[in-house]
Amino acid sequence: MMNNLNATVLLEQITGSLPYFLPEIVCSLVFIVAIFIDLFTRKQSRSLVPFFVFAGLLLALFFTLDQFRMVKEEIWLFNGMIRLSPAGIIYKLLFLLAAMVTHILSIRSKAIRLAPKGYAEFFIMLPVFIVGLNIMSMSSHLLMIFLGMEMVSIASYILVAYMAEQPRSAEAAVKYALFGALSSAVMLYGISLLYGLTGTLSLQGSTFLANLSKAPEYISALAILMVLAGFLYKISAVPFHFYVPDVYEGTPAPVIAFLSTAPKAAGFAVLFTFIGVFTLPMESYHLVWPKFNWENILVFISICTMTLGNLSALAQKNVKRMMAYSSIAHTGFMMMPLLVFSEMSAASLVFYIVVYVLMNLAIFLLVGHMEDAYGATELESYKGLAAFNPLLSVCMVIVLASLVGLPPTGGFTGKFLVFSSVLEAYRISHNPWLLYLLVAAVLNTVIALFFYLRLPLYMYFRKAEKIYTSKTPLYLLVIMCLLVAGILMAGVFPSELVKWISAHTAETAQIRFK
Amino acid sequence: MSTIPLEHFLLMSAALFCIGLYAVLTRRNLVIMLIGIELMVNAGVINLAAFGAFETSHHEGQMMGIFAIVLSAASVAVALAIILKVYQQFNTIEPGKIDTLRN
Amino acid sequence: MSVYTLIFYFFGLMMLASALYAVISTNLVRSVFSLFLTFFSVAGILVFTRADYLAISQLMIYVGGILVVLLFGIMLSDKNVLELVGRKGRKAIAASVLNRVLGAGLALLLFAVLACVFLDDGWKSVVSESQQAEPIQSTGFMMMTTYLLPFEMISLLLLMALIGAAYIARKPKHNR
Amino acid sequence: MGYLSLLIFLPLFFALVIWVLPKRFEPMFQALSIGVSAAQVIISAALYYMYSLSPEGFRFAEHADWIYLQLGTLGSLDIDYFVAVDGLSVGLVLLTSIVMFIAAIASNEIKENKRGYFALFNLLGTAVMGVFCALDFFLFYVFYELMLLPLYFLIGMWGGPNREYASVKFFIYTLFGSVFMLLVMAGLYFSVTDPGTGHHTFNMLHMMDEANYSRDAIFSIGSEQAVLFGLPARLIGFAVLFIAFAIKIPVVPLHTWLPDAHVEAPTPISIILAGILLKIGAYGIIRLCLGIFPDGQVYFSYWIGVIGMVSILYGAFNALASSDLKRMIAFSSISHMGFVVLGIASLTSEGLNGAVYQMISHGVLSAMLFFIAGVLYNRVHDRYIPNFRGLALQMPRYTTFVVIAFFASLGLPGMSGFIGEVFTLMGAFKSESVNQLLPRWFAIVSATGILFGAAYFLWTLQRMFFGARRFFGGEAWHRALTDLSARELFVLLPLGLTTIILGVYPSIIFDVTNLSMNTIADHAYRSGSVYLNMLKVIFGL
Amino acid sequence: MQAQALHTFPLNTITLLGLTVLLLPLLASALIAACAKLFGKKSHVVALLASIPALLLSMFILTQVWNSSSAQSDIRWISIGTVSIHTGILIDATSALMLVMVSFIATLVQVFSVYYMKGDEGYARYFAYLSLFVFAMFGLVLADNLLWLYICWELVGFCSYLLIGFWRERDAASQASKKAFLMNRVGDLGFLVGLFILYSQFSTFDLSALGISSQAILHGDASFLSHIAVSDIYWLHAAGFCLLIGALAKSAQFPLHTWLPDAMEGPTPVSSLIHAATMVVAGVYLLIRMSPVFSPEVLTTIAFAGAFTAFMAATIAAVQQDIKKVLAYSTISQLGYMVMAVGVGSTAAAFIHLLTHAFFKCLLFLASGVIIHELKHYFEHEGMHKDSQDMRNMGGLRKKLPLTFYTYSIAAAALAGLPFFTGFLSKDVILAQSLYWSAAQGEVLAYLVPFFGFATVLLTAFYITRQYVLVFFKKSDVDFPVFKEPVLVKIPLVLLAACSLFPLFSLHPFSLENSVLAEGLNLDIKHLPLVPLGSVILLMTGAGWAYAIYVKGLISPLSSGSILRKFLYKGWYIDELYQALFIRPVVAVSGWMKEFDTKVIDGFVNFRYWSGVWQLSSAGSTGW
């Protein structure tokens, strides 16, 4: 009796929170129906599955946008498992945007279409990948976090291993899978320790922090370190970045465009919630790490990520490897607002992620196209390509300028916001490490310029050996122009974008401080 | 049942975890590494169960344990599939030899 | 020292021994079989934590599922998997020995840290195991109410893993 | 749409037009660019005249809200589009348009990919004009960085044999300086509150007066905790800004990009590089370093004077030793800009007025010198000085303009070079009695720079132009080395006349700059020493 | 300390006339330069049309200003900070006299140039440069403030650069012009620093104002200046020395004189106008104008500099072979006299010697111009490749160029200082003044100045007689037909000869006692009967010594191999000294700087080797 009374309350809560879960439900249905379509109509349905999935994604997009109307401020769903906040919706939109762009590109890209073992499975994976990403970014319960992480990891192992026929991608896939499994095992052990110390798995409310601060120093530090290991692997920070170059080089460009943006954004979302737990509602910026001050360690990791990412990119010959190291470097930049965790840094982190997703999608589309159209994978082979497609080359230069952070582009506003939030934090806390972080970030922008400049240098300044005749497909031009327009808009008139973002992040951060 | 103190469980799971870690770090063979990872996951599960037992609401620990086992099963499946694929390409399962990328 | 605690320590001992052997042995098949023993004793330990549902699922999934898959994987993948790793050059051996020593040292260090932390007690309040009643029923109840979402999601994940693994393992139609 | 915005965005509009126009309009592109720059010259001349009627303070101001980012409850990023000109910048705006006009005409040596060239050319025009007019630090920074990409491509794609190295080096040098400036800008933004709106602001004018600094800010003036790395924050802020602009001037240790960039750049681009880019560095120091961190300027003025002096001598010696004509002119530019730095360091009204005058005169002169080098290079594709001898007989009219340009650059009275140098040195000399910043021997040692200036110019003149006719290319060169064409004469004549007019009657410039520069000099020295005393009290410097 | 100008604008009549005199040559030069093709052979007409009216006007101005108040008017030129710099015209006795002298000689030289430059392809260009030079000289003379004086000072140097290097195809000419200009730049540097000192002390450039306030400081009447800091006097010394350096370079005095002998590469009329009469005198003119500013110590240095230069130049002139080189060193020596005169305190004596010297030295140069011109035609005609300027190829021209011979002898006598000639009048006043001054100084060393003065009288007589004999009386195989000098040559020679006779300067042949000139310039003459007697005796011995060597061959001249001869011939090796001390090190340092720049700074900056370092580390890090 006590149970069933209890049960009715719980069941009501679940049915109550279902409508907020529409996008994920839609994606799962699409996933399942896609499997059946692929199963029963194998022969003639070669092209049906991708369109169906795309339609599903559009539907999910519609529902996510609709969620803006429904969700005004933070709601806890499925009795504490998931927290749906306006900021979360922005992340979901990002994932859908990245998925759709990748979807369109994959239909066209040679590597995936000619996959020996059929290409339908690739598109089937997408919706469930979205579900995993959504869960990961929304969850605030350790179990859900672990589940989301696993879902995303397994989906990305499959996508990476999709081209397992060539030796290169097989090797990349195995490194990725094993390294991923190892880090999730370590994370699980960490979660178990945390559970032991605090007695609860849910990050909502302050019981987690209260119990944790009572626990002995070393074990809580070790537990947090292990959990952080899982997150840092996801956003490919320094100690866990070894797999990135090989994976990026081994997999086809559209996949990488997706893998380098969506999971990383989700990783930052969940890291944001995890670190969010450790803030006290007193002042706008006050991270109280239980017993052991992690801020300086994270600052050190961020500096190493930036510097190593940039410097190793300097020495790369292969363009994809270079872009891999550049995305590692950007992780370093994105970690900066996480450390200071003020209201302003929350908005600047989301802004930077939005711009980062746009930039990385654009750059990997271009790299992919260059590879398909001109077979240009090495830097040398980019010689004189500007002559053959002027419009795309100009787009590439604008995107590279944004990656470096030159003013008229979004990259600059992003970096400026991030720098000013760290500077603001320094003003309050006077922690010298924040200054070293700023100086390192600034120096890295200069180093970054060095290798980003190489591409236009080869494309524009040098002459091509042979004449290429391939025409650039129209759809690619359209997507590129949209992405570049987004980047330039973020640079020249970022007011609307940031107003929209900060309005939402403000609530989430606000609520925590209430 | 009650006489078994919590520390013993934790020690055993810690030992298992370290054996798994040793396997991953030192052994060259992919399958052995996979096994090592599975041992570490098992250590985590034992930990969860043990803490669950001594917690007031012990169901959280068990729940997490169940899900952890299922998840690791899924990832083993995928990892093993990839390892077999690698085996077909390279005829070896020693990661050290797989370095076509890092030329 | 009732017979139960005796069985518990027996299971513990067997688990650690078989795990160690699985890791040390160079012969793959023998290590997989010792792994069977490890998983079995882990299930045994789980029983002692009164998480019987957990113990049964551990038994079925690990011993029944993962172990069998491992065995089939190894059996199917040709004979040379079993032969010992070839004689390597003297320098390579030295490198691998150094590697081994390092790995072992790191593992032991981690174990020492965990051990000393777990041993100095007082940070964990011991709770009597009062609610003895129907653990499985409460697990079931939990599964269907508070943990409904992960329950559903895990099904999606398994389906995805199934399709993904099947896709990867499939032999390419035309390239052989 | 006020005058200044029209002036700034006219070339941008045409840059887009050129980029979009179909291929068959290609011959039109240069004409279009010349037209744009001609329009700019007319507008800026009108502005200059209107300003000279009452040369006081900032005029033709335009203020509009550009970016307003609401970053949660904490604060907001309030950036507005604020452009205006005062005595200092109105002259430089006129100079910029004239130099762009000259460069546009000189661009007919560009043969391939005209579309790309002229689009980037006009984009550069916008950025350069914007830098001089912007009074909002963020807007200034955007224009300041917007210059880099077009120049990188202009030097890189149309330059000489070793162009890649030169363009990358140019880009890295400038970006290195400007990236640190970004941090100082952010710090300043959070230290200064706009008295009107209460938000933080990038407005330079607000940054200049002490009242707007909040107590606990990083760059706040009187507070103990305005400290970075243990040193007073304001001095570090000054040092960062100074280095960023010193790279552009360039001063000696940071100058190695200039000779390469000039040697490799095509003639019109090196005209722009020398004519305008170097002035931006000096303008930045006067406007920002003197304006916002006067205490840093007073504290470091002795060392800035030393840097100026070293640049003068180092530039002169290297010019004496260089055997490539363009490299010689590049080092002479370093030497001339050394006078500007010295003038600024003196913080006297003569020094600053002299510095502004020297900037404008050097702008005109370096445009003329590089055009002259271009004339030779277009004919025989060679700039090696020893290869020519006796050009005077070969190309008499060309030689007269070379004589005018060389003698103006070495500071012969009656031409603009002399006035600039005399007044900067006079300011530096006088500063010991007025504000005890620079010892008198600085001016004397720098004056020897004029002597070495005369040495390398005359030596080049004598080696290349006088003596019996003997060319490296022999007979082919005899035919190739024709005298000035009408187009070239049309460029050189006005430049020569301006130098002489500015030399004979310098009040044209001094009347306009005098009042503004006095206010800047007084503000810099008076409030600078007041702030410095506060710092001394706190940090016991 | 703001000194008000005596008159503010509007221009009264005299300054208006001064302005027209100033602008006429500029107009002419601009006209010729603009339409060189049009005028071509006729450009001398334009030049003369400008210089003759200028001469007449300046004479008229002289009559107005003589013995009456000076006229000054100026306009605001630049206003900087709180100080506004005015510039304008100041006409007083000295400047009016200078104006007349410059315009008179300029006209004569232009007339002579028509003959000398006939057929030269740069004919128009020559007259344009000449007129530009005259304009600059007028500007220098009329300037009322130090900055405008400095500007004209450098313009004069620029015109001399153009004219020395007039024959562009000759390397030696362009070398000489470069050397002249650079040497003058060194002087101008000194002048500039002096200018700065005066400006920063008194924040004005007005000559009269400067004079008054510096006199106040020197004589310490505190009433005028409230605060006289010790440093003020120290800085006034410094200003004095800097102005002296400027004057030394322009008037080719001891340390900076080596450019004048090389300047002889230019056409001879140029040498006569610029390097004898006008430009080189500018230095002395500056010393005269700025004499109130000089403190006693500076004056003594001026005296010693002048005296020593006079003696040194005279010794070098005695052994020169080139006819123009002898005259060049003689000019340096006579300028030394003038500087000595300023140094010993009598600016008026210096000014008078300046005037007399201008006339007879210009005549000497024009005469040698005729000789060189005719000899060159004769050698080309004969196909003999001989240097037409070397005295050894001359000789026996007494019969060949009669008028030149007569005018030359008058000028030579004036230069030597024979009584009845102007040289005697002005030189003796200076010698008397120097004796009086050295006695007043009261220490033995001061007597060195008059000793050099008298020694130079002997040497002057020696080298002018030597030249006179070698050119006109020595037997030689040069026998071209008797050359009747054309009218264009006759007029300047005769006029200048007339001016070298005593009546122009003072009726009484032996002393300037009560001559018009003395009152105008308030010259106080020291009556020391010993001086005229001594100078005449020294003169006779010098002339006799030269006569004995070169005519009678009684005394053998210094053997060509002797060290002393080579030492003197080479101009005391000062040129080589400068080459070693300054030019070679500067070139070496610049070479070293270039290496330093490319190797060290550039090397450090190129990140190439840095990125290499990271290549190693990044490759290592991805090992499993």
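Here the chain labels run A, B, C, D and E in written order, and each chain numbers its own residues starting at 1.
By definition in this document, a contact is a pair of C-beta atoms (placed from the backbone, for glycine too) under 8 Å apart; a residue touches a chain by one contact, two chains touch by 3 or more.
Quick caveat, the model's predicted, so the values are computed rather than measured.
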Most contacted chain pair (by C-beta pair count): B-C
Per Cα centroids, the chain farthest from chain C: E
Centroid-based (C-alpha) most distant chain relative to chain B: E
Core chain by centroid distance, with centroids computed from Cα atoms only: D
Cα-centroid distance, chain C relative to chain D, in whole angstrom: 71
Distance between the centres, which are taken as Cα means, of chain D and chain A, whole angstrom: 44
Whole-Å gap separating chain C and chain E, where each centre is the average of the chain's CA atoms: 107
Between chain B and chain C, centroid-to-centroid distance (C-alpha), Å: 5
Of all residues in chain A, the ones touching two or more other chains: 143, 147, 150, 154, 157-158, 161, 164, 196, 245-246, 450
Where chain E touches two or more other chains at once, by residue number: 607, 619, 622, 624
Multi-chain contact residues (two or more partners), chain D: 172
Residue ranges of chain D touching chain E (in the complex, touch as defined): 169, 172-173, 253, 256, 259, 314, 317-318, 320-322, 348-350, 353, 390, 392-393, 407, 412-414, 418, 422-423, 425-426, 429-430, 432-433, 440, 443-444, 447-448, 450-452, 454-455, 458-459, 461-462, 465-469, 505-507, 510-511, 514, 518, 521
Chain D contact footprint on chain A (complex, rising order): 284, 342-344, 346-348, 397, 401, 406-408, 412, 415-417, 419-420, 423-424, 426-427, 430, 432, 435, 438, 442-443, 445-446, 449-450, 453, 456-457, 460-461, 493-495, 498-499, 502-503, 505-506, 509-510
Chain A - residues contacting chain C, complex: 3, 6-7, 10-11, 14, 28, 31-32, 35, 77-82, 116-118, 121, 124-125, 128, 131-132, 135, 143-144, 147, 150-151, 154-155, 157-158, 161-162, 164-165, 196-197, 214-216, 218-219, 222
In the complex with chain A, residue positions of chain B that touch it: 10, 13, 17, 20, 24, 30, 33-34, 37, 40-41, 43-45, 47-48, 50-51, 55-56, 60-61, 63-64, 67-68, 71-72, 74-76, 78-79, 81-83, 85-86, 89-90, 95, 98, 100-102
Of chain C, residues touching chain B in the complex: 2, 4-5, 8-9, 12, 15-16, 19-20, 22-23, 28, 31-32, 35, 38-39, 42, 45-46, 48-51, 53-54, 57-58, 61-62, 65-66, 69-70, 73-74, 76-77, 80-81, 85, 96, 99-100, 102-104, 106-108, 110-111, 114-115, 118-119, 121, 124, 126-129, 131, 135, 138-139, 142-143, 147, 150, 154, 157-158, 161-162, 164-166, 168-169
